[in-house]
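Structures given as structure tokens follow.
You will see two complexes here that share chain A, one where it goes with chain B and one where it goes with chain C.
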Partner chain A sequence: MPTVKFIEFNGTEHNVEANNGESIMVAATSNLIPGIDADCGGECSCATCHVLIDAEWRAKLEPSTDTEESMLDLNPDRTEDSRLSCQIIVSDAIEGIKINLPEFQY
Partner chain B sequence: MSGIVVIGAGQAAGQAAASLRQEGYEGEVTLLGDEAQAPYQRPPLSKAYLSGDIGMDRVLVRPENFYPDKNINLKTNTRVASIDRDNKSVTTESGETYEYEKLLIATGSSPRILNIPGSDLEGIHYLRTIDDVDGIRGAFEKAGKICIVGGGYIGLEVAAVAKKAGLDVTVVEAMDRILQRVTTPEMSDFYHNLHTGRGVNIMVNTGVDGFEGDGEVSAVLCGDTKVEADLVIVGIGIIPNVALAEAAGLECDNGIVVNDHCQTSDPDIYAAGDCTNHPNPIMDRRLRLESVPNAMGQARTACSNMLGGDKVYAEVPWFWSDQYELKLQMVGFSADGDSSVVRGDKDANQFAVFYLKEGKVVAVDAVNSPKEFMVCKQLYGKPADAAALADPETELKSLLG
Partner chain C sequence: MSEAVQLERNPYATPLEEFDVSDAKLFLENTHWGYFERLRKEDPVHYCKDSMFGPYWSITKFNDIMEIEKNHEVFSSEGGITLADRPSDFNTVNFISLDPPRHDIQRKAVTGVVAPMNLAKLEPIIRARAAQILDQLPIGEVFNWVEEVSIELTTQMLAILFDFPFEDRRKLTYWSDMATSGELNGGPTPEADRRAALLECLEVFTGLWNERVHRDPAEAIDLITMMAHNPHTQDMDPMEYLGNLILLIVGGNDTTRNSISGGVYFMHQFPEEFEKVKNDRSLIPAMVPEIIRYQTPLAYMRRRATQDYEIRGKTIKEGDKVAMWYVSANRDEEVIDHPDQFIIDRKRPRHHMSFGFGIHRCMGNRLAEMQLRIIWEEILKRFDHIEVTGEPERIQSSFVKGYATLNTIIHAK
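Showing the complex of A and B:
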């Protein structure tokens, strides 16, 4: 059960115990983390589970797919840290990962 | 017992449970659902769940332990019999009564049922619940020939999964084209050719008069034509579940009538999801939608307002459908357009049709084109140059201004 640290834009932190194999989005919605709507349920269809992950943690993740990039690309608020949390699978390799929640998604 | 009672335990209800706790509500929350499962997502049922690519754990709206953990009283296998507005309570079929301060009706919709000779034969299925799909999955393994009645999104999604599973697939559609109710002739043609190219037999202008079989279905009868089938899926639309609301005297008209706050004609009763008829301030008309984003959005709005908020529900509708390796993402209603423009390559199964009305973008059908889908969400209602939209050299970002 890796720990995932969600950090709201105002600095409020939420440490949750996530299950290996589930997505960061599921870890968020299962724990009532604010700002992750996930309307499509993890289909990479809605871009309402946008999160920001710094370079150090990002390097430990599988790279984003073309579909994910396309969904993110037109968001004027996207940064190089942007990912869709439904596309990131929890594993022991990312124990302690820090997930920042963007202000625009509130 | 009091607090907030939700009739239904589908996607809107599941979202409502989460939203109420997320907004800090600490009172009692009770979900009364007539199915055996905790709230689950319906869209995968005709797609990845039917094909077996994902299991139950991936379709739940929240994990099962979410409800006890968050002190949500989830009552499954519980059908509500009536709403008593005077005493602000609901009574279940088994005779239990739940009082409410606020009530959310999230009763969803039910498949339109065919009532024709032979419709009670074994092997004829509808697709709405997880139990329906578990039955269909079992039948898939034994079936050789499947006939799908209705060429809408559900029917075509099932056709794609059945074809991939190696079945002999026929789609029977009463109108002169598939997807007639929901899209343009251009898109109907595209999907018709896609399916026939994969070996699906599509019969349009073909009404179904009955089913033949000895205990189990063996053929679908369409006028003089007999379509052999050992498995039949009927997907001919859904109807909103308004009976409880209607019996309680709430205003209903093609759905439970709500205002832009998701509030019914009784100020203590809200409604969300497929069962509602709601105003859309962006489109300036009333809508009844069969849509997950709508269920989730209305649930959030209703919850916020039940807790004393002042939130207006105003979203441009969007939808998606997966068939074979093609993902169709839609924004708005193509029928609203007075002209259309294609961007991309239909032969490569990667294109988007933008629909404009008086020069303003009002809808898109985007096939394997998520960027076009996203741009339409942002361009909705804004003027756009048709030639620029069509030109693959135009950076979509530049259109956002």
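Showing the complex of A and C:
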């Protein structure tokens, strides 16, 4: 069970034991991490599970799909660190990943 | 309702191939539910071969709609979001009826007005307006909640977002109503009257545009200044400006208006739910999305297939019109537990279809939720309960699902 570190916008940290194969979004919502809404339930179609991941960790992830890009593009606060957490699957390869939460979801 | 109408409207006595759920009368009479229930069970991807809008497909299950919403390359929004085709000589194009990349560019030009930072600034203003409206209401007397509260609050809100002359704000309501009640969409307003009203809207807003061009965009946060200064929208032609105005006026007006009225009606229908929130106001944030689900202020959105597409064993042909019935998805028992029940403390209240999903998902969803949250917080501070004194009178439209009147009596604490 890899550990995922969620960091709220105000700096509060939460270390969560996540299950291999589930999404980061599910790891967050099933552990009641504040700041992830996930209205659509993991369909990559609402962009309310927006997270920020720095370059070092992003390099270890599968790149985003066109669908994810088109949803991220709707967010004016998007940065190069932006990803949708429902599209990132937990695995041993990302043990200890740091996930920064934005101030707001749109 | 008369017995004759009930007999005439028995969805299980009508052959499926004769179903036309786009008929605005079903919504006026509130008799659409049974038709959608039968479609979900027996023919969830349904072809209507003839209607006032011509042939069209109906998608009625939650997950099927999600599939189509996500596939915006096959299911295009170009040409409009209602089943009626826009007249070519009055083509009010806007970003909800565009595909990427133009959609994304225009939407981004105005998203800032509903950005969370801006909503935080708007909250005290909306609360003050809501308080003022509620404090003026009669106690113990019958009045039309739609007119006195729902329309007034959403119109004031819209006037703030546009920085529209406050004393003329009811013009916004009028244009919004004219835009959505046209005969081409099955409503009561003659097409010539609709166009005349919208041209008046364009004229007034062109005057505002010409004034806002000189405003400093860093200082002003209203929608017109945003559009007049954004390089992607500043050169819009008049019909495109009008199209986007209608989108923002209707989007910010009708939908929230009818959800405010709907909430009052549902609390009356489900008094045990009202008791819950009365005793625990921390339930309001979860109650709000449930009101929006239960109301479903826009009954559907339309797409057009750009290629043949197979779904549930049927082939939607290139060029076919497709109606995604949000009103049906929000009652889909496979996705929502006890969907016909209004339950204010659901586990995942935001998992509903009212805002749509995918790239056209409602831009103002958080603003709508905030307005509803504020009005309910202020209602519960002031009143014991709101009695509904009769069945509401509904609007004749299969697109805008709403109320013309909702007679109520406020009971003091």
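One rule holds for everything that comes next: the second predicted complex is superposed on the first by the 105 of 106 C-alpha atoms of A that agree within 3 Å, B and C clash if a C-alpha of one lies under 4 Å from a C-alpha of the other, contacts with A are read in each partner's own complex, and residues count from 1 in each chain.
Going forward, contacts are C-beta pairs under 8 Å (C-beta built on N, C-alpha and C of every residue); 3 or more make two chains touch, one makes a residue touch a chain.
Keep in mind it's a predicted model, so treat the numbers as computed, not measured.
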For A:D73, is the partner it touches chain B (first), chain C (second), both, or none of the two (neither)?
both
Is A:P34 in contact with chain B, with chain C, with both, or with neither (first, second, both, neither)?
first
Would you sort A:E103 into first (chain B), second (chain C), both or neither based on which partner it touches?
second
Would you sort A:C46 into first (chain B), second (chain C), both or neither based on which partner it touches?
both
Chain A residues contacting chain B in one complex and chain C in the other 37, 39-41, 43-47, 67, 70-71, 73-74, 76
Contact footprint of chain A on chain C as seen in their complex:
66, 69-70, 72, 100, 104, 107-108, 111-112, 115-117, 348, 350-351, 355, 357-359, 361, 366
Along chain B, where are the residues that touch chain A in the complex?
18, 21-22, 41, 43-44, 58-59, 61-63, 66, 70, 292-293, 296-297, 300, 318, 320, 327, 329, 369-371, 374-375, 378, 396-397, 400
Which chain A residues qualify as touching chain B in the complex?
26, 29-30, 32, 34, 37, 39-47, 67, 70-71, 73-76
Chain C partner, complex, touching residues on chain A are 37, 39-41, 43-48, 67, 70-71, 73-74, 76-77, 103-106
